[in-house]
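The structures considered in this document are given below.
You will see chain A twice below: alongside chain B first, and alongside chain C after that.
Up next, the complex of A and B:
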């Protein structure tokens, strides 16, 4: 640091006796392999369902939203900043990848990089003013940004195609990220989920990850411990937004039709990340993934099943789930499970 | 080490801290006492950067730090605890200290080793894996001190770390503060319990209605008539 004073206890620290208490159970000694094994198991259905185009499509969506929810969880779950602006980063990613491919012929694989960069930069610009707001005020401000993005996308129609949207023609090929075999999409979005979970794992074993947790728990206490809270929140947001933009890019190439209502709809995108994560368990590694595994297939099933009888009825059922989760499992499925284990041990 | 010059804080019509000046030398244990509402906590928040003074300046190790943010002061070696303990409830005791240790150790394994050492030191080693939300008040206060020590401060500001503790716990806390001081950390603390103040603090600063009314040796300050009047009211004769 910039002071030249010798730090206390550095010069003549007495040799420490062997500690009487075993120094285990710290985060550094927690094994990683169960997480990796879990990821492998979650990818197994790709192989099992590869011949069923309907279910493999739902599987691809499930992985995509698992990855997106896990991305949102980085800033909302670890950092405690309940952002509803993630639809913006999702849309930015989708438009960037699609436009670079359509207008400049840039392969979507390469297009993902500028998409992530743009998502991160925009998130930093949004965060700078909004992170001065705390709690629900932050959530409301970011929710408004979703609407702003939708208006912009409609307005700049020479770029985004406006309300008509963009259509990506079907030209199959690895370089175009367009596949005839549907299971390849599932593999792609599955890999995206794996990437986000691994980023989360690395984060929770790093200084930045602990700083995010500290800011979530108590911003004043964190700052008193020397943590630059604003910078930590912005960094967390940028990582979260970059991954969300990546998911948006994959979404664009998977559905090949993107328009403002699809990308910036609050209930299908912006709030969906939050819903999946809340039901699964916020601030945990596996919560968002499990939330997506439970809800996305159910939602797709309900949407098809209820479409004749009660169009939009799946929202009622999902809302009910949300209320039940909020009432009985404040920390989601994963939180309820962890509490159960602790009670068993005690 | 710490020089406070003519510091004043006004809230609307109220002057919470009025023209307070004093200096703290390296290695001292200095207590700030005063009746409720005397401005002790406001003064503390001015020193830690949680509040900015209306007038006046704070120097730390010769460096003017008046406009510095709390985190920047912490990085310079000023640790603090809060009057209402602020443990990171969802994290384990170990992780609470880890958060402080990361300031000087970037790698998780190193920071964790340092955190274990400090937990051992404050007597919470057996609570390492317990969430902070399940600790007792006394343990939470120790945890706060542990987290502050983990940032390797030269100066530590303790805001009523003994309030609400039973006599045994107070004794433990006094021992801990002494041990912190023996590590070479200068201690500035707010304390209500005059017996505690007498037992370890050679120097006492008294605030009353925002003003510094006494600063000196504990025995003489605590016998001072102005101080007694501030605490007990004027003697009627």
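Up next, the complex of A and C:
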């Protein structure tokens, strides 16, 4: 009787109840606790390095860029949309938090919320026209957007301070998000990294996450399967942009001097997110984080040691890294590791 | 009225420079389907090579071009063989690698020159014609003339020579082109080499106009992308007229709106074209979609 063909009414009833996604061996079927354990281990250096102001500063930057790269990875790695416009959201976050604090006296902790909201709204407005472009055209258009944002930031100087930038005075205090002890910054940016990784974990286990992956693999097929591709891409972009804007706000409070060349620099911001993610492994949870752990300290080290001997020397090394990573490590550190494991099992 | 005409001419002459840079970019973009972010930096490198001959051997940029063009051709072939060819069929990685190349070239030049600005002022650079109410700089007029000759010559070569037909075949449909026996690697090497060689020609013409800095390429790359999108993927004449148009738009916007907003103006043009006519003024319909299909 088991093999009997079910009647029309019975056929689709069990299908509707069964959460089929959970059984396909996708990300949702794997346990979460190793990820959380990994995050705890990554936060350990804060305690170990707390007495060393030089290294704790680099550590804070590393966490911040790990979180930012992981935010970029949400739309670029999961959704397959190679955005170079994330400098815009980064800048929007930094200016919003800084201006609300400077002009209205609003605590940066509260300022992060409107910053994220504004980042998400702007990303949706930007995405609507640019998402009809594909591949390289999308990359060019988003890069152009970044340049336009830099132009506007310079132009509206009564708001942004123009080329001179904004200076946030040093008034230490928890409410001001300004600390004397540098390790508190590392803790703050470390928490940001944890938040972005958790959002990525949750997203990959959600319907939206699966939709994003489907759009990345084959947009036309995804659309044919009934996935609203444009809406999925815009939603992914909004989440990614909101988190990037949050990172921008934290950056503003950490460095306390923000100006257009810093915020909208392609090599230090917009493309940096891509570099970290690609070196670590695109579309994976840990790729962007590992990429940041490798590259950010290395870059700071090179910047410190090479600047006297060879101006721009650390950029030469970074550029070579980009070329070599594109040629020999297409799936990043995480990808190489997964291939190794698979080969050992086989 | 005189002001308007003068601005129009200034825009046209600026457009000639943009055309020159964009034709080379479009050759790689149109044929290989690669967004070469490093193209502006290649123009910058060519300018420094020209400067090298100027400073060391005292060669005038217009004479040095005979040496610079073959050097840049080999440079371009190197870019193809070491960076683009191994990444064929992976547009994202190619894009990323050319960005890496841009950073390497810029900062290598910065490290060598220590960021000191250089310029090559020849007698010609101060020469200005006056035609009625119009003032025309001689070196800028020359670059427009040369851009016109190159655009016409290249378009004719693509149309009438066998090699040109092979390249056009690859633009239209690579798999079929391969089936017809076109040597893809040879054609691609030729295209990237020619693109860099054209950057060498552009460098000779830019030498008396611009002062040299490692970031010089950034001034060209964004308008050049706007030009390529405006003119249409792979269309030489499209890049030529697109360049003139972008130059005129920039000059008019700079005068009547605000010179600091010119990037925003390009971008609006760029986005408007992408949305209203994605294939560009002279391109094939649907070209912007093909860009993503790695196997195209």
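As a convention for this text, the second predicted complex is superposed on the first by the 318 of 346 C-alpha atoms of A that agree within 3 Å, B and C clash if a C-alpha of one lies under 4 Å from a C-alpha of the other, contacts with A are read in each partner's own complex, and residues count from 1 in each chain.
Criterion: contacts are C-beta pairs under 8 Å (C-beta built on N, C-alpha and C of every residue); 3 or more make two chains touch, one makes a residue touch a chain.
Given the structure is predicted, the values throughout are model-derived calculations rather than measurements.
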### Message
Just checking: does A:298 make contact with chain B only, chain C only, both, or neither of them? Give me first, second, both or neither.
### Response
neither
### Query
Should A:330 be classified as contacting the first partner (chain B), the second (chain C), both, or neither?
second
### First (chain B), second (chain C), both or neither touched by A:214
first
### Task
Return first, second, both or neither, reflecting whether A:205 touches chain B, chain C, both chains, or no partner chain.
first
### Task
Considering only the touch criterion stated at the top, classify A:117 as touching first (chain B), second (chain C), both, or neither.
neither
### Query
Should A:223 be classified as contacting the first partner (chain B), the second (chain C), both, or neither?
first
### Query
In the superposed arrangement, what residues of chain A touch both chain B and chain C?
none
### Query
Which positions of chain A touch chain C when the two form their complex?
82, 129-130, 132-137, 139-141, 143-145, 147-148, 150-152, 154-155, 266-267, 271, 274-275, 278, 310-313, 315-316, 318-323, 325-327, 330
### Message
List the residues on chain B that touch chain A in their complex, please.
### Response
48, 50, 61, 63, 69-71, 74-77, 79-80, 82, 86-91, 94-95, 98-100, 102-103, 106, 108-109, 111-113, 115-117, 120, 125-126, 128-129, 147-148, 150-154, 183-185
### Query
If you look only at chain C, which of its residues touch chain A in the complex?
29, 33-35, 37, 83, 86-87, 90-97, 99-108, 110-111, 114-115, 214, 222, 225-226, 229, 258, 260-264, 266-267, 270-271, 274-275, 278, 288-289, 291-293
#### Entry: In the complex with chain B, residue positions of chain A that touch it
1-3, 5, 7-10, 16, 19-21, 23, 25-28, 205-207, 210-211, 213-214, 216-218, 220-229, 283
